[in-house]
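Two complexes follow with subunit A in common, the first pairing it with subunit B and the second with subunit C.
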Partner chain A sequence: MWRIRLFDSLVQAATWVAGGLLLLTIVAVFYYLFAESQYAFQRKFPFGFRIALQPPDSEYRNEVSMDPTASLLATHREGTDALDDAEDATRLPSHEELSQMQALVTATAQTDDPRQLRPDALFRDCMRAPKRAEQGERFLLLAFALPHYTGNRMVLAWEPDVSFDPAYCPYELRLRLVRAPEGVQVKPLEIDLRRQPKGSLELPVWKARTQEEWLQGYLFELEARPTTTTTLATIQQFLMPDWAPTILYARFGMLPLLLATLLITLLAIGLAMPLGIAAAVYLSEQASPRIREWFKPILEILASIPTVVLGYFGVMLIAPALQQMFGEALQLSSGRGLLATALMMAVFILPTVISLSEDALRAVPNSLREGAEALGLTLAERVRLVLLPTAKSGLIAAGLLAIARVMGETMIVWILSDGTPTMPDFSSPAAALGTLVKPTRGIPDTIAIEMGNVEFESPHYGHLFLLGLTLFVLTLGINLLGFAYRKRAQVVL
Partner chain B sequence: MMNAVQSGSVRTGEWESLAARQDARRARKNALLTSAFGAVGLATVLLVLGLVAAIAYHGAPTLSWEFLTQPPREGMSAGGVGPMILGSILLMVGAFLMATPLGVFGGVCLAEYGERSRLMRLMHASVAALAGTPPIVYGLFGLAIFVLKFKLGVSLLAGWLTLTLFCVPSIVLTTEAALKTVPAALIDGGLALGLSRWQTLWRIALPYALPGILTGIILSLGRAVGEATPVLFTASIYYTTAETTLGWETLRQPVANLPYYLAEGYRQPGVVPERLIWGACLTLILLTLLLNAGAILIRSRTRRRYLW
Partner chain C sequence: MVAAMTLPKQKVAMETVELSVSYNGKPALKRVSLAFPANAVTALIGPSGCGKSTLLRCLNRMNDRIPGVEITGKVMLNGEDIYARRVNLTRLRREVGMVFQKPNPFPMSIFENVALGPRLHYGLRGRALQEVVEDALRKAALWDEVKDELHKSGLALSGGQQQRLCIARMLAVQPRILLMDEPCSALDPISTQKIEELIVELGKQYTVIVVTHNLQQAARISHYTGFLMYGELVEWGETRQVFENPTRPETEDYIRGRFG
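Showing the complex of A and B:
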C-alpha cells in the first residue's frame, strides 16, 4: 500500500514540478526580453555639423562637407566620456601659416565658455562624446577673415555632417551669434538647425590682424538643448523610418522592418489561406479515406522541411524566375526580395494551414452535413452555406496561428529578402511594384543577422532585444487571440 | 427535377425551365469549385514532391559516406559535413532527453488540472502562446539567460536548454490533446478496479495516449533539428575543420550543426561550394524525413491496439 502511495505522490510531484517550471519559463521569457531591452535605453544621441566661412563665390557653397576649411562640430558615437577631447580635435595652425594658405577661417575650442578661449588653443574641428538626451551640449565657433582677404563679403555656410539627419536627434539644435566683432552692426541671429539643416548667411567682413585678435571675431555657438528624456527619445526614434545601426550617427528606426514583416505576412497569408482552405475542403469532404491517408504524411513532409532548405529552394527557383520577369524593367541585381520571400513563406505555411483547417472542418458534426445534403445542396453550396460558417472560429484560429508563424519565421527572410531595409512605398503603381520585388528586410532576420556581430549589452544589442520584444508581443497577441478562437470553436461545436 | 424537365412528359412551364437553368448553373458551379479544390490538393502534393525531388537532384551527387562522416577540409571548401551532422544529432538528443519529461508531465498537469483554477487556465493560454512564439525569440532568450546570465557561453549546454524551451510547449500541447482522447470508459474502469488516480494515469491513460505523445515529441524534435534560429547565438559555430570529440568538455564548447552551416554558408557566399550546400540540404531533409517516418510508423503500428 505504501508503495502505491509513494508512486502516486511521485507522479503527482513530477506533474507539479513540470507545471511550475512551465510557469517559470513563461515569466522568465517575458522578464528577460524586457530586462535586456533596457540596454536600448542607455543609448546616446550623436549629432554633427560642418560649418565653413566662405567667399561668396566659393565652389563649395552647396557642399560644405567638401570644403577643406570647414570646421566639424560633432558628437560621435565612438567617443566615450573618458575620451581625451584633444585627441580628436585638429589644431589650428598659427596666424602666419594660415595667412599663406587661406583668407577665411573658422575655429573652435574644447571649452564652451567664451571667457576661456585662448588664441593658442583653437582647433579646426571639435569632436566630443555623445550624451544622453537629458544633457545638452554647446560648441563655440569663431569666424574671421585674415588680412589677405580682398573680398568685401563673406558667407557662413553650414550643413549636417555626412550621414547625419537632424530628424534622428532629440535635441533642439540652434546656431546662434553670441557676439559680433566690435564696430560691426549685425542683427541678432538664431537659426533652428532642425528646420534649416543646410544653409548660409552673409556677414560683413571683419579681419583679424594678429593671432590675439582672432578671439575678437564673430563668435557663434551651436547649442543642443534637451527637449525630452532618453527613454522617450529612444522610443520615438524606434518608430522612425530608417534602420542603420552601424553608421556613425546610428539610426534605430524599426518602421521599415516592421512594415516589411507585416507586408510579407499579409501576402503569404493572403496566398496560403484560400489555397489551404480549398485543399482542406477537398481533404475533409471529397477525398476518399485512402487518399487522405496518403495526403497527411505528404503534408507532414512539407511541414518538416527545414526553413533553411526552403530558403535555398527559393533562391534556386523563385528568385531567378522573378529576376527574369522584372529584372530588366526595375534594374534588380537578383530576384530576391519581398515577393520571393512572401511566395516561399506561403509554401512554408501551407501545410500548417491545410491541416489546421481540415481539423476545423472535420469538427463540424456530420448531422449538419447530412441535413444540408438532404436539402439538395450541392457540395460547393454546402461548403459555402454550412461548413465554412460553422467552422469559422476554427478557421480563424488556424489563420491567426499561421500569421504568427509567418511573422516570426527567420531563415526564409534571411536568405530570400536580400537584407536591405526598405520603406514600403505605395504612392504609385510603379512604386508599389518596386516595393514588392525589391530587396527588403524584416524584424526576425535583422535580429539574426546583426546579433552575430554586435557588442553585448550595448545600445545596439538592446535595440535588437527591443525588436525581439516587439515581435514577441505581436505574436503573443495573435496567438492568444487564436487560442480564444480555438476554445470558442470547441464550445460552438 | 432534372428528369421531369428532360422527359418532356410534364409541360415545362416558366418556373420549371428557370429551375432547370439554375440547376444546371449550380451543377456547373459545383463541378468547377469541387475540381478546383481537388486541383489545389493535387498541386500541394506536386509541390512537395517537386521540392523534395529538386533538392534530391541537386544534392544526391554529393552524398557519399565520406561526405556524411568527414569534417570539412581546405577552409570549408571541400570534405564533408560530419561534425555538423553529429552536432545536429547531439543537440537533438539532449533536447529530447530534457524536453520529454518536462513536456509530458506538463501536459499531464494541464490535462488533469486544466480547467480547474484561474492559474491553470492562464498557464494553458500561455503555453499555447509559447508554442507559437517565433524561434528567434527563444534564441534571444537563450542568449540573454543561458549564455550571458548563467555564463554558459556559446555552448552545447546552452543550445540544449534553449532547444528544450523551444520544444516543451508543443510537447505539452500534444500530450494534453492525446490525454484528452483517452475514453472515459477506460479511466472509469481503472478507477473501478481500485487503482488510484495516478496509477490510472500512469498505467492506463498514458499508455493509451502514448502514440499521440510520441508523435508529438518526434515532430517537435524534427522541427527543432531543422531550425537554425534557436541555436544561432546560443550553440553554433560555423568554421570547423576538426572532428568533434565527445567528452565532458564538449558540453561547454559550441557545436557545428547543419542548419547553421547552411545559414552561414549563405551569408558568406563563395566559401562553401554550392555542391556541398545542396548535399547538406539533402542531408538535413533526410534527417527530418527519418524522424517523420518514425512518427508515421509509430502511429500506424499502434493505431489498431485499442479497437474493440
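Showing the complex of A and C:
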C-alpha cells in the first residue's frame, strides 16, 4: 500500500517538475530573446556627407571633390544640452573651438600631398562617428579660398555617401550659414539635407591670406537634430523595407523578411489546409478501418522526415521544375525561391494537418452524424453542413498550429529560398509572378544564416534577436489562439 | 414465431418481411415480419439487447453504415422494398424521420437546426422557410418556449427541449413515418410527460413507431405494441390486448416484470 502511494507521489512530483521545466523554458526563451534584443536598441545611426568647396566650373563639381585652392575646415560639437538651448544653438564658436580647428588643419597641412588636405575627408570622418539618436550633433565648417585662388566665385557642393540613405536617418539634417565674412553680402541660407541630399550653392569668393584669417571665412554649421528616440527610431527602421545589416550605414528593415515568411506561410497553409481537410474527411468518414490503419503510420513516417531532407528533396524536384517553367521568361538562375519554399512547406505540414484535422473530425460525436443522416443529408451535405461546422473550432486550431510550425520552420526556407531579402511586389501580374518564383528570405533562415558571423552584442546581433523575438511572439500568439479554439472545440462537443 | 400480423381494417404504412439482421455473423433480428398501421402509435418493447433498436434502424436504413452488418429480408414502403437497389436514401429518410435516444441537436442556432432539412430538401428560403420552421416547432410543442430566442444555440436548451427540437427538426422535413428510439430515456419526468403528450398528438397525423423500456409509457401512448425477445417478434397486437391479455407466456412474464 505505502509502495503504491510512494509511486503515486513520485509520479506526481515528476509531473510537476516536468511542467515547471517546460514553463521555465518558455519564460527563459522569452526573457533571453528580449534581453539580447536590447542591443538592437543601442544602435548608432551614423550618417555621412561629403562637403567640398570648389571652383564653379570645376569638372569635379558634380562629384564633390576638393580643389586645393579652396579650403573647407570642419569640426563638430556634440551633446544635447547645447541643442536644446535655443540661444546656445545660434552661438558663434568660441575662439578656443576655432583655434582647435586651426590646429587640426595645420597638422594635416604639413603633408606633401595636397589631397591630404581634403577637408571633405576630414569632415566625413567626423560625421561617421556613430551617434545614438538621442544625441544631436553639430559640425562647424569654415570655407575660404587660399591666396592663390584666381576665380571670383566658389561653390559649396555636398552629396551623401554612396550607401547613405537620408530616409533611414532619424535626424533632421540642416546645413546653414552661420556667418559670412566681413564685407560679403549673402542671403541667409538653410538647407534641409534630407530633402536635398545632393546639391551645391555659389558663394562670392573670399580669400584668406593668413592662417589667422581662416577663422574669418564663411562659417557653416551642419546640425543633426534627432527627430525621435533611439528606441522609436530602431522600431521604425525595423519596419522598413530594407534588410542590409552589413553595409556601412546598416539597415535593419525586417519587412521583406516578415512578408516573405507570412507569404510562404499563407501559400503553404492555403495549399495544405484544403488538401489536408479533404484527406481527413475521407479518412474519418469514408475510409474503411483497414485503409485507416495503413494511413496513420504513413502519416507518422512522413511527419518524421527531417526537414533538411525535405529541403534537399525540394532542391532536386521542385526547383528544377519551376526553373523549367519560368526560368527563361524571368531569367532565373535557379527555381529556388518563394514558391518552391511554399510548396515544400505544404508537403512538410500536410501530415500534421491531416492528423490534427482527423482528430477534430473524429471528436464530432457519432450522434450528430446519425442525426444528419436521418435527416436525409447525403455524405457531402453531412460533411459540409454538419461535420465541418461542428469541427470548425478544432479545424481552426489545427490550422493555427500548422501556421505556427510553418512560420518557425527554418531548414526548408534556408535551403529553398535562395537567401536574398526581397520585398514582395504585387503591383502587376508580372511583378507578382516574379515575387513568387524569385529568391526570397524569411525570418528564421535569416537568423540561421547571419547569427554565425555576427559581432557579439553588436546592433546587428541585437536585431537578429529582435527577429527571433518577433517570430516567437507571432508563433506564441498563434498557438495561444489555437489553444483558445481547441478549448472552444471541447465546449461545443 | 409469429407470422405476419396485420389488422385487416387498418391501412399499413410500413411492413417488414422476414427481416433478419446480423452483426459480424451474430444474429440480432430473426425473420421478423411486422406491419405498422398508418396514423397510429406502435410501441416496440422487449428486454435489453433483443433487437428493438436494430429493427427500428432498419426502417430507414440507418444500419447500412455499421461495419459487419448483414441484412436480409424486405422492408416495404409504398409497395417498394427500401432495401432494393437504386433506392434513393434521401427520399427514404425524408419520408421516414428518426429521433434518437440521446438528443442530438446540431451545434447551431435553434432556427438553423430546424431550417437545415427543408432548405436542403425543398429549397425553401425566406418567409416560406420561416413558416415551415415555426410550424415544425409548434407541432413539437416547443414554439412558445423558444420563439424569442430562435438564434440561440440549440445546445443551450434543456435536455427535454433539445429532444423536442430534434422532433421539430424531423417534422420540418415533412415525413409520414416517425421513428423514435427511447426518446424519453434521457429525460426527467416532466419532459417525459411533455414528449409523451406530443407523441399522442403526433399519432393522429403520423405513423409513429416508438421503442421504449417503460411499459407504462408504452401502455399510455401506443395503439399497438410489438414484443421482441432474442431477436424474434414474440407478440404483436393492440396495446390493450397485449398488456391485459397476452397470448404468449413470455409476454406475460415480461409484462408482469418476471424478466428483462
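Here is the rule we use: the second predicted complex is superposed on the first by the 357 of 493 C-alpha atoms of A that agree within 3 Å, B and C clash if a C-alpha of one lies under 4 Å from a C-alpha of the other, contacts with A are read in each partner's own complex, and residues count from 1 in each chain.
We adopt the following convention: contacts are C-beta pairs under 8 Å (C-beta built on N, C-alpha and C of every residue); 3 or more make two chains touch, one makes a residue touch a chain.
On a predicted model such as this, the values are computed, not experimentally measured, just so you know.
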Simultaneous placement of subunit C and subunit B on subunit A, clash or fit: fit
First (subunit B), second (subunit C), both or neither touched by A:P365: second
Touched partner set for A:P389, first subunit B, second subunit C, both or neither: second
Contacts of A:A448 with subunit B and subunit C, given as first, second, both or neither: first
Residues of subunit A touched, compared between subunit B and subunit C (which is higher): B
Partner chain(s) touched by A:A346 [first = subunit B, second = subunit C, both, neither]: neither
Partner chain(s) touched by A:M254 [first = subunit B, second = subunit C, both, neither]: neither
Which of subunit B and subunit C A:P289 touches, first, second, both or neither: second
Contacts of A:T378 with subunit B and subunit C, given as first, second, both or neither: both
Overlay on chain A, subunit C to subunit B nearest C-alpha distance, Å: 5
Contact residues common to both interfaces of subunit A (with subunit B and with subunit C): 378, 381
Contact set on subunit A toward subunit B in their complex: 4-5, 7-8, 11-12, 14-19, 21-23, 25-26, 28-29, 32-33, 35-36, 275, 278-279, 281-283, 285-287, 295, 297-302, 304-313, 315-317, 347, 350-351, 354, 378-381, 383, 401, 404-405, 407-411, 414-415, 444, 447-449, 451-452, 456-457, 464-465, 468, 471-472, 475-476, 478-480, 482-483, 486
Of subunit C, residues touching subunit A in the complex: 60, 62, 65, 67, 89-94, 97-98, 100, 102, 104-108, 116-117, 120-121, 155, 166, 169-170, 173
Subunit A - residues contacting subunit C, complex: 288-289, 365, 367-368, 370-378, 381, 385-386, 389-390, 492-493
Subunit A partner contacts - residues on subunit B that touch it in the complex: 26-27, 29-30, 32-34, 36-38, 40-41, 43-45, 47-49, 51-52, 54-55, 58, 101-106, 108-110, 112-113, 119-120, 123, 125-137, 139-141, 143-145, 148-149, 165, 168-169, 172, 196-199, 201-202, 219, 222-223, 225-229, 232-233, 259, 262-263, 266-267, 277-278, 281, 284-285, 288-289, 291-292, 295-296
